[in-house]
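Below are the structure tokens for one structure; questions will follow.
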Amino acid sequence: MHVVKSPLSNAAQKTVSDALQGALVDLIDLSLVAKQVHWNVVGPRFRSVHLQLDEVVDTARTHSDTVAERASALGVPPDGRAATVAAKSGISVVSEGWVKDTDAVEALVAALGAVITRMRERVAATGDADPVSQDIFIGITADLEKHHWMFQAENA
Amino acid sequence: MHVVKSPLSNAAQKTVSDALQGALVDLIDLSLVAKQVHWNVVGPRFRSVHLQLDEVVDTARTHSDTVAERASALGVPPDGRAATVAAKSGISVVSEGWVKDTDAVEALVAALGAVITRMRERVAATGDADPVSQDIFIGITADLEKHHWMFQAENA
Amino acid sequence: MHVVKSPLSNAAQKTVSDALQGALVDLIDLSLVAKQVHWNVVGPRFRSVHLQLDEVVDTARTHSDTVAERASALGVPPDGRAATVAAKSGISVVSEGWVKDTDAVEALVAALGAVITRMRERVAATGDADPVSQDIFIGITADLEKHHWMFQAENA
Amino acid sequence: MHVVKSPLSNAAQKTVSDALQGALVDLIDLSLVAKQVHWNVVGPRFRSVHLQLDEVVDTARTHSDTVAERASALGVPPDGRAATVAAKSGISVVSEGWVKDTDAVEALVAALGAVITRMRERVAATGDADPVSQDIFIGITADLEKHHWMFQAENA
Amino acid sequence: MHVVKSPLSNAAQKTVSDALQGALVDLIDLSLVAKQVHWNVVGPRFRSVHLQLDEVVDTARTHSDTVAERASALGVPPDGRAATVAAKSGISVVSEGWVKDTDAVEALVAALGAVITRMRERVAATGDADPVSQDIFIGITADLEKHHWMFQAENA
Amino acid sequence: MHVVKSPLSNAAQKTVSDALQGALVDLIDLSLVAKQVHWNVVGPRFRSVHLQLDEVVDTARTHSDTVAERASALGVPPDGRAATVAAKSGISVVSEGWVKDTDAVEALVAALGAVITRMRERVAATGDADPVSQDIFIGITADLEKHHWMFQAENA
Amino acid sequence: MHVVKSPLSNAAQKTVSDALQGALVDLIDLSLVAKQVHWNVVGPRFRSVHLQLDEVVDTARTHSDTVAERASALGVPPDGRAATVAAKSGISVVSEGWVKDTDAVEALVAALGAVITRMRERVAATGDADPVSQDIFIGITADLEKHHWMFQAENA
Amino acid sequence: MHVVKSPLSNAAQKTVSDALQGALVDLIDLSLVAKQVHWNVVGPRFRSVHLQLDEVVDTARTHSDTVAERASALGVPPDGRAATVAAKSGISVVSEGWVKDTDAVEALVAALGAVITRMRERVAATGDADPVSQDIFIGITADLEKHHWMFQAENA
Amino acid sequence: MHVVKSPLSNAAQKTVSDALQGALVDLIDLSLVAKQVHWNVVGPRFRSVHLQLDEVVDTARTHSDTVAERASALGVPPDGRAATVAAKSGISVVSEGWVKDTDAVEALVAALGAVITRMRERVAATGDADPVSQDIFIGITADLEKHHWMFQAENA
Amino acid sequence: MHVVKSPLSNAAQKTVSDALQGALVDLIDLSLVAKQVHWNVVGPRFRSVHLQLDEVVDTARTHSDTVAERASALGVPPDGRAATVAAKSGISVVSEGWVKDTDAVEALVAALGAVITRMRERVAATGDADPVSQDIFIGITADLEKHHWMFQAENA
Amino acid sequence: MHVVKSPLSNAAQKTVSDALQGALVDLIDLSLVAKQVHWNVVGPRFRSVHLQLDEVVDTARTHSDTVAERASALGVPPDGRAATVAAKSGISVVSEGWVKDTDAVEALVAALGAVITRMRERVAATGDADPVSQDIFIGITADLEKHHWMFQAENA
Amino acid sequence: MHVVKSPLSNAAQKTVSDALQGALVDLIDLSLVAKQVHWNVVGPRFRSVHLQLDEVVDTARTHSDTVAERASALGVPPDGRAATVAAKSGISVVSEGWVKDTDAVEALVAALGAVITRMRERVAATGDADPVSQDIFIGITADLEKHHWMFQAENA
């Protein structure tokens, strides 16, 4: 079914839609991981980390919606189903059960770090193909690096 | 690590925490499925279904948070990770790619129906063990059945 | 026309939908009666009773919407037409014309009392058939009994 | 009981209060009819019509309050009881049970059309007797004709 | 100093500006009288009357601004100075000192009645000269007659 | 295509729809002219005039929507396309390029004056044919004359 | 009629209630004078002065309510009637008719200056008698002197 | 003085009103204890615990109002006076003076634990007598157990 | 445990902290007494007094927080526990059970009067020791005397 | 008249201001076209398309203001007059009269497509000359392509 | 240039304006220091201290505006330039680079302590010269001492 | 102390952090300069310029926070202390004392011009090193150039 006429050439569309699909999976998983730790964190910093994680969830949910709708706008149907997220996410699986606050912060430093590395590659890859999508990746990276700083500062 | 002292007996805690964990997985998957269709729906009813699906997402996200935190409050760490959701959800996998609006509505009727059946079993199973958790399942069922009616009415 | 697949057995559906239809008629009439007195009350307590009655109207309108949509969700089309309300309401007809504030308060004590009695019967009747609908009736009863107390306190 | 001193002559008061009482009954019934269809509509346009009908309900409730309080302000107690509405409304009785979206729109076109015709007669009848009440009828007519256009446009 | 070019003929401008200036003085005085009683009322209905009077003040202040700016828009500078209000108001002087709630309500019935009579004369006088100003007087009369009803209902 | 059944006679419909179409064009052009000056004004009063013009834009946009939808409600499709506006507007073309604040105020005095003259003719023309539309023109005139006063006061 | 038992000695009550009554009259008149100029100002600074004057009106109305209710709280009925204001205000009568913006600013500098001088005397007079009332006068003086600065700065 | 007619039998009323009175005392004391610690907590987690305690205060105040008004609605006057609270509360007395953050968290774990145990007994005791009151106790228990989890997680 | 370094001398700190501790107890008890009457008042003025009492509760809760935190800021841990309030409050114990509206108003006049007398002593006692705390007592007294007037006016 | 000193070289200023002027005309016309169809659309999807079009209007109005003010900020007076829009817009003229909902969606697909093509050319043309303006064009393109997707999805 | 006529004598003006200028410098520097630490703090309490510091920034910015405008209102132009702040602030220079959370709290305890000492001297110095300015210093001191307590409590 | 791991190479980090530190100093100084003039401006345009300057302050404060936190996110501690600002700002020192409105506008034109020149250099310098930071500089430049236009327009 052909739905949306892409404003991009085929090659550009392929480059950009791969980047968008990858970002979608990373961001959905980031929202699930942040919620998982939000519910399971324990320790003296419980409340602070619990609240901070919901801000990561907000960021991840908002941007996942943006990149999925951007893919649709470029004529490529996005895939954000649970199995796809479980198979393709760039974030390492977090352990189940209660997690100490110090470990929770480490887990987020790692998860954000993994997503940021891939997001910066998307910024580099898409500039020629589609500056509109690149601008979206730039904005996402800015938000993720701000969260990344805060969690690093917290375990310094 | 022992964190939270359960107000329930061991048997009751087992019954209730199984129900809560099952509900958590169903509700997270419902939020992912509703978003997936939200992005991929096409057809003359696109806008109406697109907006309606975000209301399902809101319901699913709010209640998934409630049941996960209820599990924590009963001393049982919840598991809402992508792989767990992909493996344990009561909702059938939705197809990838664009989906016609009529099919989108059918998909939601099916997904909501599956979750409702399981949620009503949880209402029945937890009344003796923990009326507090049962009351949460009752409230969730009410909301899901309202969404279910609307999607059924739409394809009538 | 078959529209919505009921999650209940036939017998349970009959019990619950009778209760919901009865509640719908009572609540619509309560909203009309409260508005009627809101416009016709006179006496030194005019302003206080006039404002208080609009809070009853809000309660009655909100809950009438909930029970009607609950009936639809159970596969039973609700009937809230004027003639149905006039014929089936559990509230005695209020007199036309100006009404003294003392009489206005008495009228509301009687109207609320009549609806509460029937609503408590619905709570008792529906617990086995559908705890979801029962929970709605319980919430409605709580609100009505709070209004009932206030009008009784006012004429004490 | 004499309560409010009318600013109008007896003849003018009679003309205007008849018009206000008629408008009150029509508007209350419009709110009940719109809610009835809001709950019972089915078909592909369900969500759109369902939402649109609540805007009619808002219009009808707001204006019914205005005309009832205007009657009181002119010294004539208004009558908005269910039996009065059932007996005196200018709107034809709508059928019970589920209603297809196309029929729902037709029903509203008819109901609004009936009320508009009578409301325009009230505009014509009250200009000399009381320009204040006439101005209220003019404002109501504007709102009703806007709703009327939208439902007609929908079935065009 | 000639400032604003009137859209009206000289005769029409004279008729309308007299009406607007008269309304301005009445409305400013109504706001002062309502505040005076707001501060001095005593008795069991103190709180109810105290709050009700601030709603009269809001009405009077809003409409006084409208009529003054309407005069300016017609090229006639309005006069709302204290001495002018004291000399030209259509409201009888209220007594100083504490005022019983029953007397307070009577005072407002009288004050509103006096302003309404004059405002209805303005509606009649300005229809031909300027329907725009007439429409403003009609709207003011509607609000004042609503307040008038409420105070009369309160002492019924 | 016949869409909306007019509540007016053919003659009345012709009179009123001409007036509405004329008002639509004037109001759209007023919004464009006010924005044009909003962007191009310079001089010591820049900020004050710049902000004031956006209030004119708000007024013009709101009322243009009202008259266009009123035309639709009377069964006459409105025409607000750029070429129609350019050809039929009652406002003289404003010059391109920067405009001194004093000239900007003069331009608005002229533009508003031209629209007001035509709007008052519409008030006079439509009273018999359709008091509902007339009431809309009266409200528009009131707002425009208020803006007109302010710009005149500013250059006095 | 004895209503409120004063927390002050007779002598202190006399001192403080004189100060409060004087402040009430000054503040009401300030609100009337500011509105008078708000409606009648003309000139290139029209919009700026017009808006600024409504902030003075807000200040004057808020504080007049506070001092009147403070008098009541001390057992002394306040007098804010038009004739009292016209006779006792510390502000010189402003001229009628259009007023140039430069003159408008001068008028406010003078009016605010007159009220400030008297308000500072009230601060000095009431410190021993009632520090609660003194604190109110101090807060009023701060607000008035801020307005005073702004109008002086504007004509500098 | 007989004020409110109970909808319950005498025996049921006795059971339920004892439960409500007990809950009222516990919840008021919880609000006082949480404020006491809110003011006296010190240590590195000061800010986090200080803010968290105000959320407990909000919960306790809201629910204490609900249970007191529920008692009134059942015809039993509630008693929330300081001496009654001091004598009947289920919470152990907290020490005076500064309290280290770790001890503050322990104190809340204990206080919440004591109230939860009694609240669950009330859920069990009132199901037959009055499902409306039981539903209120269920909702309170859910909120308290959520707070309980958070404080336990914090000291884990 | 030494926590906060006082900005005051030892003597001044003693004077001020005694005043703050006394005010804290009075204000907490005022909030409990006002709630007690809020729940138990009956009679024709029920609604008015019921609402008015919640405004007293708001005032008392806000100021009790301010004085307790002020004590902490001066290095003195505040004591707001139930037993302390029951033992040290300046307000006479109110009777249990339903209370007629007239008696309710009297009870508040007495309670507010008792607190005001002590609060004025605190204003007098703390001016030299700490003008910052004195300013807080002055603000509290202003609010309490305003409530006091209103209840006195109501029983006049 | 030289007003604003451009931060760009002459050549860069020429490139960028041509792009901004072109975007201004396209966006104003898009707002007029979307409103035109908003008023004239008919058919079963009337309400959905009617509401969707107002979101296009909001996007077009917001961005037209941004590009016009950006031109001013670069020292080039923008031209958004009706005749300029009619002559220079990149959007084909839409037909007058009622338009079926399917055709309405097609019209928007075409209009948005035309503007997007030109906007992407502006992104390409301005990167070297002024990355600040380019960033504005990128943001506009993202919003327009999102609307474009939705209308395409609707007719798929 | 003489701009604002001081309401104070020359001597009083000198005393008060010195105090205001000193407070201005201290408060601007406090806002800069709090922001500096807000950006550079690291350690487990990062988030808590980071958020707390923005509340100090809000306090400092609000009060710096108040004292600067108070100086203007007394006829003395305030000086809040960077070099003046750097030269005259009462706060010791904070070190550059990352700062551990414990040190961050100490730095704020010291900074607030320094400003409070000087602010209390201003309270003492200005009471006779200008009670209006003194009241402003009292309010500032209350806010600063509350922040001071919180940071001290945090390192206790 | 190593806190945050930079996502950039050492060379890129050096380039970008120099740009961010320079922007931070410029923006803080811009906020101080704008406030300085906000307090000291006099002349007929006082109110307009006074308000306009607070919008510059808002822009400068918001962006200074963004660039400082961006530096932290890149692993480089920002320096926004008063002495650093005084020494490194790109804005010329503004004179002390009252400033005529014309001069105030000139001062802002100069200050904004100086910051814009440096900000455009940062846009050019950072594109290769870090497109995320470059995007922030682009956004800041857009806002500053809009303010710059407005002040230039005002003195044209």
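A, B, C, D, E, F, G, H, I, J, K and L label the chains in the order they appear, each numbered from 1.
Convention: a contact is a pair of C-beta atoms (placed from the backbone, for glycine too) under 8 Å apart; a residue touches a chain by one contact, two chains touch by 3 or more.
Please read all numbers here as calculations on a predicted model, not as lab measurements.
> If I rank E-G and C-H by number of C-beta contact pairs, which comes first?
Taking the two pairs in turn, the one with more contacts turns out to be E-G.
> Hey, which one of C-E, E-G or G-I is the same interface as A-K, over half the contact pairs lining up?
When the residue numbers line up for over half the pairs, the pair is C-E.
> Could you give the separation in Å between the centres of subunit D and subunit I, each centre being the mean of its C-alpha atoms?
Each chain reduced to its C-alpha mean, subunit D and subunit I end up 52 Å apart.
> Per the centroid of Cα atoms for each chain, what is the distance between subunit E and subunit J, given in Å?
Centre separation, subunit E to subunit J: 49 Å.
> Taking the mean of the C-alpha atoms as each chain's centre, how many Å separate subunit H from subunit I?
23
> Where does subunit G touch two or more other chains at once, residue-wise?
Counting only residues that touch two or more other chains, subunit G contributes 1, 3, 42, 45, 48, 69, 72, 98, 135, 153, 156.
> Please give the residue numbers of subunit C that touch subunit D in the complex, ascending.
Against subunit D, subunit C makes touches at 1, 3, 28-29, 32-33, 35-36, 39-40, 42, 64-65, 68-69, 71-72, 77-86, 89, 93-94, 96-98, 100.
> Where on subunit K is subunit I touching in the complex?
113, 116-117, 120, 123, 127, 134-135, 138-139, 141-142, 145-146, 148-149, 152-153, 156
> Which residues of subunit I touch subunit E once you look at their complex with the stated criterion?
45, 48-49, 51-52, 102, 150, 153-156
> Quick check on the complex: what are the subunit E residues that touch subunit I?
41-48, 50, 98
> Hey, which residues of subunit C end up touching subunit B in the complex?
1, 3-5, 7, 69-70, 72-74, 131-132, 135-136
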